[in-house]
């Protein structure tokens, strides 16, 4: 099914059309989300204005987990069907996913301070996000740990697949661990009853973040495609000793 | 002389015997693992202070963390030696399936590294002031947990086969995967302290070991075939 | 007759062979010649099934050898410079475990005879870590003796004569000629000028290569 | 009305940093990717000249 996307120039032709749309969509939705989120939506009766951090925290959390799913799927395509583009896709999603999981942790702790009075709370979701960041870190480190990039990509892809198998197990055990030690967490973390007016900015920001992330990923994949062409040219010209090209 | 019918059990056991023979010849690794474990068991009370109430809260976690940290350095050698000296090439060019060999490797690593640690764990438990009725549960949960750590470890060792500074990378890759084992391993003894029955945690631990028992030979075999064709 | 049809073999991202066509006659010794790094070892590893083939195929009298990989692998012995010997085991134990994973039965006399065939019976209980390179290579070559009473068709040897002294060189020669008489085929990758047995076939990689690779 | 917007009754020291951090990361990502893409294109052009 994905084979027709496999050859690079068809991929380039399609993405050249999509890219400007994605960029435009993300700009519009983020600006609208900001306007509604910061200015137009009501305060939460419990948390006051602090709830506005949710408009940034929740989208980046969704993005962090969604990108890891994308990473795992492209790794499966790379290992099982040896899809050439899938490896480039995984290598460009991983750093972005890692960045967004860090962003989620940062905004989470910024949100935790006014609500719980401490910068870090071992809440089930925040802990799972920290572990997800570890998985991203493992992927990035492993993919660059080998002399030849191709060996790195294969091992890292298998790690991503092992990771996706383990994530539900870890999610389950972290929730079990959380309820075991702290049976009743008073303040439900993401549960401020989202009334209609708050939902709009949240949805806008989520769409904005997702389209922005896909724009960046497509851009990175295209860059890596060009780099691959350069390497092929260098190999052909036996020019690897001329380092001034770099 | 016809080829003897290849029953895999015989090959499985003979490969375990071979690995145990190799490891028993280099006892230094096993002694250094004890040293590691003892170090961690001693460091925690040094940090927390001699008050028994404080130690009680932490004792189970310290034992399990000690076990995990002590095992990690030895995981990498499980496959590294046989990769560099070409034994994995010989196995790939023989009718024995790679999955059986990798299963044998993790079981032999379990026997060589985890069992001695578990046999001496009562001493560590007494050091940390654990009550007597908890020790049998500790031994049971550690042996089952140790088994799944070995299965995860062989995946980790296969992942970093041939990497440049691979052993630095192994903890970063392995630790997230070991978290469920730690949570339910410690949970077994913690639930005794609270008075609940330790069985639910124990069954979950057994479930994890079975999951990894099924996953790990196949995943590490794929990785090793990739490493051999490098 | 083993024929290789427009074979593409990559080592990682480096193209080692592209479109290689060759015939390797069976029941003779074929010497693979070529400069260092020309891909001799890679070709041996590919025939042994260790390195995957990106394109083309290898057939023996019309049948692709990798369709029934398990049967093909069972009938070959592959020894390269890494020897596949564990340092912590003795020469005898290494040979014993190797024969076990090959699925052949391991009675005592065969073991002793195999070690004698390469002149290693004195070093039977030496640890491999104590052995010199020559002794290690002979310990690995002792495996060849088992092909005389088990079903083995192919020997794939990567520079077997490197570390051997003159006496073990002669022992190896007798093993090779005995195996050829038994209709076995041998593939040796080596740049060792002096030939191992009188009549042998050569396969020069550099002439065959039609794509300039590094 | 404006100072209420900035002041957000006391929470502004948490809200604004998180928004600033978010947009710092978004912008950093954009410029980094565009910079890498330009660099790769430049290298490709140079290599193609050498090749021809």
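So that you can tell them apart, the chains are marked A, B, C and D in the order they are listed, and the count of residues begins at 1 in each.
The rule is short, and it goes like this: a residue touches a chain if its C-beta (ideal position, glycine included) is under 8 Å from a C-beta of that chain, and two chains touch if they have at least 3 such contacts.
Everything numeric here is computed off the predicted structure, so don't read it as measured data.
Nearest to the overall CA centre, using the mean of each chain's CA atoms, is chain B. The most distant chain from chain C is D, comparing centres defined as mean Cα coordinates.
Between the CA-based centres of chain A and chain B the separation comes to 32 Å, rounded to the whole angstrom. One simple way to say how far apart two chains are is to compare their mean CA positions; for chain B and chain D this gives 44 Å.
A separation of 36 Å divides the Cα centre of chain B from that of chain C. One simple way to say how far apart two chains are is to compare their mean CA positions; for chain A and chain C this gives 49 Å. For chain B, the set of residues touching two or more other chains reads 230.
Among all residues of chain A, those that touch two or more other chains are 148, 151.
Across the complex, chain B meets chain A through its residues 155, 159-166, 169, 172-173, 175-177, 179-180, 183-184, 187, 190, 204, 208, 211, 215, 219, 222-223, 226-227, 230.
Those residues of chain D that touch chain A in the shared complex are 5, 8-12, 14-15, 17-19, 21-22, 25-26, 29-30, 33-34, 36-37, 40-41, 43-44, 46-48, 50-51.
Residues 79, 131, 134-135, 137-138, 141-142, 145-148, 151-152, 154-155, 158-159, 161-163, 165-166, 169-170, 172-174, 176-177, 180 of chain A are the ones that touch chain B when the two sit in their complex. In the complex of the two chains, the chain C residues touching chain B come out as 11-12, 45, 48-52, 70, 73-74, 76-78, 80, 82-89, 93, 97-98, 100-105, 149-151. Considering their complex, residues 34, 38-39, 48-50, 52-53, 56-57, 60, 96, 99-100, 103, 106-107, 110-111, 113-114, 212, 216, 219-220, 222-223, 226-227, 229-230, 233-234, 236-237, 239, 245-246 of chain A touch chain D.
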